[in-house]
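Presented sequentially are two complexes of subunit A, the first with subunit B as partner and the second with subunit C.
Now for the complex of A and B:
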């Protein structure tokens, strides 16, 4: 940390908050609000101010086990090495109230009038490493964290073990200050539970080894101490971890495969852990002097704000989603933004350092090159047809479309566009097209797929990343499914315009299937939510027109779900014989009417745009010539 | 039993149910073991004394990390045992009592006197009510209570650990 603080090319903005980010890869503009320290850089870190400050509040860094003054340094190695004033607890500059620190400051560094500053930064790449929050075990009432002083979290205990901590590295029972003779650890507090009040469903991954390490440390601190670890599984999977676990057991630490149902306090002030013996099932209460709850972590409560700032995706458990779990583990769907540490998932120090190094490398590759190659598949908007209604911009998962109401057009920022094409189906005037996946290409493919016996075909629109790959997987796994399916690939199911489905109906396709990634798995953040609403809307319209909705299906199939794909096609193909030809004709007529209506509207719009308008003369927007 | 196995398969064997169990200290019930056997699909589970040892206090279910309603599992095991005709005599007697009078606890002379003292009218379930209860129970699939199992069912009474 000191090295980073001293590095000529690293600027550390402590006590700062990111207010907004705009732009795209290579061209981000970030507005940062730097909180007023009330102490200028003239501070020499002498500490005279701390001695006179009359205020004493719980120290956040010491997890509340120690106290700090209103003027303080967050922790001894803090960067920059300056003091700061906590405005919430400071009594103020008024000499009647206080102002003592200002009086004693030889460097004249204290300035109560200092205000928050806004800094505007131009940056090319961003690494998001905002961390996570430890689980607060107060709701796990059975362990009495808020009732018994001697029940501590693993993080509080960590501070107690630190030589620079509130007790100078001496282990003491908070209730009487005596050295404990018996310490219990309860694992998985706040992790691996289906009960949302008790914690999260996932394994927080670092707590087992943290406990193993702590037991070894405590063994060195207190001779002959008894330690018991209550666990459901010990996960010692990293390099050298199994060795540490073995050493801990060899040192006499008891590992008991049983989670206590309650922690109570007896008359002598000892803590009783009620457990069922893992072998005999017999119930008993084991007495300890201290109980340490090995707490897990949860995503930060302000994750929503960070997610919005960078248009990121999150997994079900709330951590940020990487671009690809194996091949792009530090990239995000937003170009130029990378992830490191707990923000992506809980992990231990070594993994955090590895990921941070990887993110820094990924970012510096881009910075070093100075230019990026963008995908050729991007959307484009015909300014001659665009009315700047902004519908396309609304559904764009990457905010790649800017709408200029004054000019009357929307434009695609190609460096931001990832090529999902979900904007296209939103346009009522056919102004949007996706390079390499144009409307014409789709119509031609539909024509070809339904050339022969269309009533006996299942026409499937598949997204490239999940459903098409799922079909591929079914194939390479040699799974059998009917050959009556015809697959049309798009980058994202969000590209599938209802006009494509209608055209397939007009061409008498037996059954139409729109298939994409599961909700939350979309490779374009959440473009498949548009697929969902569009298919539902179309089904609603079909229902209103008295048509059989059973001929249009929407199914999510992931790349690993070859079986699901084969089963889906089998199920739909089995329905084909029961499709009524009269119904097909009825739907075809209806679909043709819809197409003609659409074409008429677009043509009318085109003509309106072509007609010379005095107000627009010279703008060239109409391309009338 | 596959439904039971699917529910129980979430179990991580953390044993918190055993530590919370209020019946265990009295009759030696080991809920962790029962869940494990249910997960393994043990067909003999419903025939043993375990289903009847539970006092359905739900302490296990309220603490279970894996989201398994352990007490509900015991109810399902009891239903399975009943379907096999393996109902312990005490439960059979209570069921018969309910079907005959509409009350699980009979109105004794003592309760009648207490009701009188409290100024409450005499109490009895009407014959129509009893008939309705009987038809409801039949519709819900209550097994034949007079079909006795070949061997008496061990309900795991206290002090008689199996």
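Now for the complex of A and C:
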């Protein structure tokens, strides 16, 4: 911590939050809002102000076990080593109201007029290390955390054990201040449960060792203390862990393979843990003076904001998703953004440090190279066909299209274009094309996919980042589903032109699926909103034409939702046998009419413009003829 | 069907490789049958199977074919492009081809791993290869742009993980901005008195 605070190359922006992030790999611009501390860097950390502050509020750092003033330092070793004023509890600068701290500050560091500041940062790489939140055991009512003062969480107990903590490192029962003679620990609180009200499904991984460690510490604090650990499994899997566990048991700590069903308080104020005897199954109560709940961790409740800022994905358990669980464990799908620590999954300090070094190394490889190749996949607009209507520019999530009404054409700013291709389907005159994902390539794939027995197939358009990745995840997890689906990949579902769907109908696909990221998760900010509108519009038109809209589906599947992908395909494949061939023919005819109309319109427009047919527009089936 | 445009009048020469990925694909999909089927597709001048396409012998074999048989489009039916597309794009460059002339067909994650029935999986693999070949025929060389990388990093979150990442980056000489929500860095670890496995203090 100290090293980071002192390092000449590290600027610590504490009390700061990200407001916005723009740009791309190698070139990010972040706007950071730094809260006013109301204490300037002239502060010498003398602490005179604290003496005179009349306010007393619960101390967050001490988990509410102690109090602090309105002007305070979060903890003695805090970095930056400056005091700050908590505006919510400060009585105010007005000398009538208070203003006492300012009066005593010899360094003249206190400035009530200080305002929040906005700082703009230009960076090439980002490491996201925003951690996780401890599980709040209030809903685990059987443990009586909110009823009994002497039931503490492991974090509260950590503070009690600390020499710098609220009790000066003395272990005492909050109810009567007495030293406990018997302490119980309950493991897996908030972890490894199928009941979402009582916790998370996964193992939080550090809590077994944290309890083992605590028992050894307590043994040093209170001679002859009795300690009992109630557990379902002890996971002491790391280097040196088994040794500590053995030592704890050799020191007389009891490990009981049973999780209490309730914690109650008897008349004498002792806490009774009701357990089933691990050998006989008999129920009995064991009395202790204090009970410590070994709480796990869960993803931060404010993870959404970070997820959106960096267009990250999350696994089913809510932690951020890495690019690949084995081969790219610290990369994210967003180039130049890396993960480290709890934010990726619960782990201990050593694993956090290892992962952080890995993330730093991945980031520095990028920076050391000095330049990075960005995808060649960008859109381009044919000025000969463009009418400068501006429709494409309206849907571009990156504002990469400029429309010049005077010149009568729109242009793509290539450096800004990220290649989602959501502009293309907006163009009524076939003027927009996306490199490497051209219309003709899609039509060719549709032809090939539906050459044989098209009615027996589900043709799925999937975006690279979410639904295609979700299908990959189903594969990695070996989830079985029907083999009737054929996937066509695009970078974004926004690329999927209604003409592709219509062409699939013309070619008699049994069912068509358009799949992309959930709204809010789109890799291209919100390009998938266009997908939503387009599919809905097309369904509306199908309905108006008296067609079965049950043959066109739109489903969001995230990269982590392998199960959802498998279930979706199962569901759609189950519908295939009931697709009526007469209905397929009717829709095919209708779709053909739509294509011919479109082609005629484009042809007419082209003639009007006297624009020569570009080489790309081949004689092909679905292509603009 | 759309004819390839880029070299006017000349059909592209597509090479197809069906990867067995050891048993991962080969156990379920009849890779030989898929390769045989591929050899009959339009534009395909070479089709064969590979035990492990991503291995060195696998890649060397393909590079050799590309050069000797003058292949100018390559279809690799193997794992997900999200995994090995970068690998094979590099391989194309080694063979003197533009990396965008590659198309991958995902017959592992989307086929052999999710369909146990060999017949179904093989039929689907054929379709997937057919789709890839049809797309590959229309692939064109693309020039990827290079952009400079700003020589500074931002670390969001100042717990132990963020601190370590910031130090490692700063020690290499990069300017680092460590953005922390709370008034002090330290995170969870700052609250812990002694830490396992060393039992020493955390700060």
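Just so it is clear, the second predicted complex is superposed on the first by the 372 of 625 C-alpha atoms of A that agree within 3 Å, B and C clash if a C-alpha of one lies under 4 Å from a C-alpha of the other, contacts with A are read in each partner's own complex, and residues count from 1 in each chain.
Basically, contacts are C-beta pairs under 8 Å (C-beta built on N, C-alpha and C of every residue); 3 or more make two chains touch, one makes a residue touch a chain.
Source: prediction; values computed, not measured.
Novice: May I ask you to decide whether A:294 touches subunit B, subunit C, both, or neither, giving the answer as first, second, both or neither?
Specialist: After superposition on chain A, A:294 lies in contact with neither partner.
Novice: If we overlay the two complexes on their shared chain A, which of subunit B and subunit C does A:10 touch? Say first, second, both or neither.
Specialist: The second partner, subunit C, only.
Novice: See if subunit A has more residues touched by subunit B or by subunit C, and give me that chain.
Specialist: C
Novice: Examine A:440 and indicate which partner it touches, taking first as subunit B and second as subunit C; both and neither are also allowed.
Specialist: The second partner, subunit C, only.
Novice: Scan A:195 for contacts with subunit B and subunit C and give back first, second, both or neither.
Specialist: first
Novice: Contacts for A:281 in the overlay, against subunit B (first) and subunit C (second): which applies, first, second, both or neither?
Specialist: Once the two structures are laid over each other on A, A:281 reaches subunit B alone.
Novice: Once the shared chain is lined up, is A:377 touching subunit B (first), subunit C (second), both, or neither of them?
Specialist: In the superposition, A:377 touches subunit C alone.
Novice: Which parts of subunit A are touched by subunit B and by subunit C alike?
Specialist: Common interface on subunit A, subunit B vs subunit C: nothing in common.
Novice: Would you mind writing out the residues of subunit B in touch with subunit A in their complex?
Specialist: Answer in residue numbers: 10, 12-21, 24-25, 28, 30, 32-33, 59, 63-67.
Novice: For subunit A, which residues count as touching subunit B in their complex?
Specialist: Within the complex, subunit A touches subunit B at residues 142, 188, 192-195, 198, 232-233, 257-262, 274-276, 278, 281, 283.
Novice: Which of the residues in subunit C end up touching subunit A in this complex?
Specialist: Spelled out, the residues of subunit C in touch with subunit A are 1-3, 5, 8, 80-83, 100, 106, 108-111, 113-117, 120-121, 123-124, 127-128, 130-131, 133-135, 137-140, 142-197, 199, 202-203.
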